[in-house]
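In the two complexes that follow, subunit A is the common piece, with subunit B as its partner first and subunit C second.
The block that comes next holds the complex of A and B.
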């Protein structure tokens, strides 16, 4: 990748919970942004531009967050941009901010993403009947559960694979004090016995509904070199999209995801992501999306993803840990969830992941987000060393 | 736009409204209004802002020195509403929307000005709030601002709303006497009402549905039949000008069984089956319900047929659901590339 070398120099996030009745949306994003600036050793006046992202407007009835949140994000007199790519928006927001630096337009950019799900109901937002159309009467799970069934038929994966991910990510979350769900007693049996919401998805296979925000400070090489803290250098970044529906579309293993992964790994000089990455933070809102995305992202051949999960390869002590932070299955402020993946990847690269820090190898980590009907993808690879 | 395209009025409204947690500044402001006071905040440069913000718009520092302002103030700008719409505008008689700067504040707030007519209005005129007797912690606790003549005293807010009905016998009497707590949340209704135009190509397909026919479209020279069509082939952008009637039978390529009640007003009782159905002759799936057999008996490859509404309209909901057509299951190979 060309342009100015760019790094994450500050990371901040809220403690994600079901409902933050104690703060406004402005207060929520402020918490994350202030923590990221302190982490970077920068002040509000140092920021050149602000980029904000959130999930679809009807999810919380805020259609102009850039207007409402300008004071809280210190954006007066500065460029303020809003990014909008459904569930992948947290990732895209980070990439737009990074590209402002990489292109040499700005030196220090604050990226913030958030969701306050407690103020409304995302399932309603996804199920509004529209004129002329056959309604989707089953929420997000009703859209993705059939794709999971198709994956199971295609790969021959046994039914317990998803449950293994549901347990693994919740155990990882116990190492992360900012995760929403802390379920210390979770077991495979508990997942298997939890309510069957959208067969084949059970209650514990599904992400929670969270209030939370994530913020990143992106800086140019000149700025990052002068800051006291560690930097996570961007080695590769990519976005791809595709229509929700077209003839020949592979909805289970979308072309846009494969192409996005191919580009980000090529830029980062990665030929075998399983071997070359220390770990990955990947958008897995339903447990089965771990084996599905293992294949989509090229960590293994198509049809083999579930075998990696079953063998424990993606566990905290496996050879390629996925979602050491607990992932989307443990915290899901939708608009922020993608940026949490990107930020947690940066914290791993900076050696700042605390109790969920994975043992560094080459120092390269993947952050990933997807959204819509598996049609928007955003990814970056960050590393401890400069590219 | 083609005069014959289908248009439907649509309302997007979250039932009950969004529930906002206010944070410290809005909470102070709305609690003040409930109590008949107007509260602003002092910014870093000494100016007083009303309504108060949580963060200084100049410096981004948190601000928390709250100060009472007003209640009287001056009009800094106004616009006359000569034909108010009942239920849409805050007053039923002609009025002005005005920017009012309360005494002691350095910023103005947008509100309603109730005056005799535009000739009586001028920038710089003094006004005072006309409070509602029943106040709930909302910006409309001030019903309107009214002109204040020179030397006229500022009217006091009426006594707060009467307390809630007496607690049942045996309740702690101290509880009932307590001051009401701060206002910390509000309901924010959001309603978007607009017309959706189906577009030229979908209109043709929708009219066919009213005749119990399912008509897809494809681009000239392409084999890909789109149902529902959107007017262009998403892989090439070419217009889908060729119409192809597809079958009313199809194959369940994949599905889920929904056990959660109440996901949509249109959902049938649980458990129900949401499926992707590949209609015979189509290349994209139809999202539909499968009924007419136990949810447990639905399977990939099941052959189904559309069940129509008794009075079909140009709307996809004219196909109520799909049910088994009695044919043997389709082999996996025949539909695996569509799942």
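The block that comes next holds the complex of A and C.
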């Protein structure tokens, strides 16, 4: 990848919960941003530009809320950009912010993503009937469950695989004090016995609905070298999109995801992601998306993803831990969920992941986000060493 | 940052007050096709795509997703979207080219304001806890700014009428305008005040439409375009939203963006300003230091066609088109969003 070498030098996030009644949206985003600036050793006045991401405005009922949030984010007199690329938006926002540095336009960029789901109802927000379109009224789970069933039919994966992911990610979340769900007693049987939402997804196979925000400070090499804390250097970054529906589209293993992974791994010099990465923070909002994305991202051959999950390869002590933070299954402020993956990846590369820090190998970590009908992808690979 | 980037093609719909026949995708398809054909760059070679739209105009989430059907995103493309006027998508595309990773980009914006009440939809841009419950429409907020300007003695009602009259007359030469008439300030002043202190002619017409621009880097731009509109400066700035903390008679963010974009460094032949209300023109002229020699809104501007979410991109396209065909050598485009000119973008373009 070309341009100015760019690094994450500060990371901040809220403690994700079902409803933050103690703060407004402005207070929520400022909390994450302030923590990221303190982490970076920078002040509000050091920020050149702000990039804000969140999922559809209908999730809070405010049109382009970044306009109103401008002063809470210290953006007065600065450039402020709002990114919206569906569920991948947290990742896309980090990449848009990084590109401002990479292009040499700015030196220090604050990227913030948030969702305050308690202000509205996301399933309603996703299901507004539109003229000339068949109403879905099913939320995201209703959309993705048939794709999961197609995956099961295609791969022959047994029904308990999803539940294994549901347990694994919740146990990982016990190591993460910022995670929304802390379920210390969760068992496979408990997941299997939780009520059925959308076959094969049971209640505990599904991400929570969270209030939360994530913030990153991105800096140029010149700036990063002068800061006291560790940096997570961007070794590769990529975005890909494809249309929602057309004849022959593979929605289970989408081409856009494969292309995006191919670019980001090529840029980072990764030929075998399972061997070359320390760990991965991947957008898994429904448990079955772990085996599906293992295949889509090239961690294994098509049809083999569930075997990695079943064998424990993706567990905290496995050979390629996935979502050591607990992932989207444990915290889901939708618009921020992608940036949390990108930020948790950066914390792993910086050695700042606390109790969910994995053992470093080459020091390279993947952050991944997807959105829409499995059609928008954003990814980066960050590392402890300069690219 | 030393890359050369130019606008090499521009297309827009023939805007209408209410398009009863086409949905958003059908608005976008012809302008994207036209812009790409004019650029001479094969569609599959365009390196990056960025768009701008507003979910609340359509009344549903993810209105940009269907836009992908219009651009033919297969095989998968590098693509992004801003919930903002497409002028901000152009900024993102400009940055993508400056990284050196791509050498061309498609930018488009679209919106059908006629589907709802755009004046009241934009009320939802305000502070949801303290301002939105009072339900000021975007026209109410603009009228407060106009009142502040008139009260300060900066302009008179006649000045505003002259802005409106000039724009409506200029639009007679713009086949894409929604409103156009040969009219003078006296005639407009004789019409009723509808949104005190503003008259209907001081307020943008509700408009459905779309626009698309193609950007290209240095050598590619020279290859595909005989007179590329080179972007010599591009910047955007925001102010706090609360009207109470701002001096509404000036636009600090426009002045700052203009200075950073080099608005005053060299003569300007024309400027296209995102004036949804007539009183915004004197504020912006002052903030940008535009003298009488600058032809402001030669297209008629947003007072004669305002397809929300592409209006700012169209300002850039109108200036670029005038550079492409040799009518001007250097011009300024301005885009704005948020209540009372809260956020402003300035793009200076020139022939070289």
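Convention: the second predicted complex is superposed on the first by the 387 of 387 C-alpha atoms of A that agree within 3 Å, B and C clash if a C-alpha of one lies under 4 Å from a C-alpha of the other, contacts with A are read in each partner's own complex, and residues count from 1 in each chain.
Here is the rule we use: a residue touches a chain if its C-beta (ideal position, glycine included) is under 8 Å from a C-beta of that chain, and two chains touch if they have at least 3 such contacts.
This structure is a prediction, so every number in the text was calculated from the model and none was measured.
Student: Using the superposition on chain A described above, determine whether A:67 touches subunit B (first), subunit C (second), both, or neither.
Tutor: So A:67 only meets subunit C here.
Student: Quick check for you: in the superposed arrangement, does A:200 touch first (subunit B), second (subunit C), both or neither?
Tutor: After superposition on chain A, A:200 lies in contact with subunit B alone.
Student: Looking at A:209 after the superposition, I want to know if it touches subunit B, subunit C, both of them or none. Which is it: first, second, both, neither?
Tutor: The answer is neither, since A:209 touches no partner chain.
Student: Could you say whether A:357 touches subunit B, subunit C, both of them, or neither, answering first, second, both or neither?
Tutor: Neither: A:357 stays clear of subunit B and subunit C.
Student: Looking at the overlay, what does A:24 touch: subunit B (first), subunit C (second), both, or neither?
Tutor: In the superposition, A:24 contacts both subunit B and subunit C.
Student: A:255 in the overlay: touching subunit B, subunit C, both, or neither? Say first, second, both or neither.
Tutor: After superposition on chain A, A:255 lies in contact with subunit C alone.
Student: Taking the superposition on A as described, I'd like to know which of subunit B and subunit C A:56 touches: first, second, both or neither.
Tutor: After superposition on chain A, A:56 lies in contact with subunit C alone.
Student: After lining up the shared chain so the two structures overlap, which partner does A:124 touch, if you call subunit B first and subunit C second: first, second, both or neither?
Tutor: Touch status of A:124: first partner only.
Student: Using the superposition on chain A described above, determine whether A:76 touches subunit B (first), subunit C (second), both, or neither.
Tutor: In the superposed model, A:76 contacts both subunit B and subunit C.
Student: Which subunit A residues lie in the overlap of the subunit B contact set and the subunit C contact set?
Tutor: 24-25, 58, 60-61, 70-71, 76, 119, 125, 128, 130-132, 243, 246
Student: Please name which positions on subunit B make contact with subunit A in the complex.
Tutor: 6, 8, 10, 12, 14-15, 17-26, 53-61, 184-185, 188, 190, 196, 198, 202, 206, 224-226, 228, 233-235, 253-260, 263-267, 271, 274-276, 283-289, 295, 300, 314-317, 319, 332, 336-337, 339
Student: What residues of subunit C sit close enough to touch subunit A in their complex?
Tutor: Per the touch definition, subunit C meets subunit A at residues 1-3, 23, 49, 54-56, 58-62, 64-66, 68-69, 73-84, 88, 91-92, 95-96, 98-101, 121-122, 124-129, 132, 235-242, 245, 252-253, 256, 337-339, 342-343.
Student: Of all residues in subunit A, which touch subunit C in the complex?
Tutor: By the definition above, subunit A touches subunit C via 1-3, 24-25, 55-65, 67-68, 70-71, 75-86, 92, 96, 99-100, 102-105, 119, 125-126, 128, 130-132, 238-244, 246, 254-256, 259-260, 372-373, 375-376.
Student: Tell me, which parts of subunit A touch subunit B in their complex?
Tutor: The contact residues of subunit A facing subunit B are 20-27, 30, 44-45, 58, 60-61, 70-74, 76, 116, 118-121, 123-125, 127-139, 141-142, 145-150, 153-154, 195-201, 243, 245-249, 251-252.
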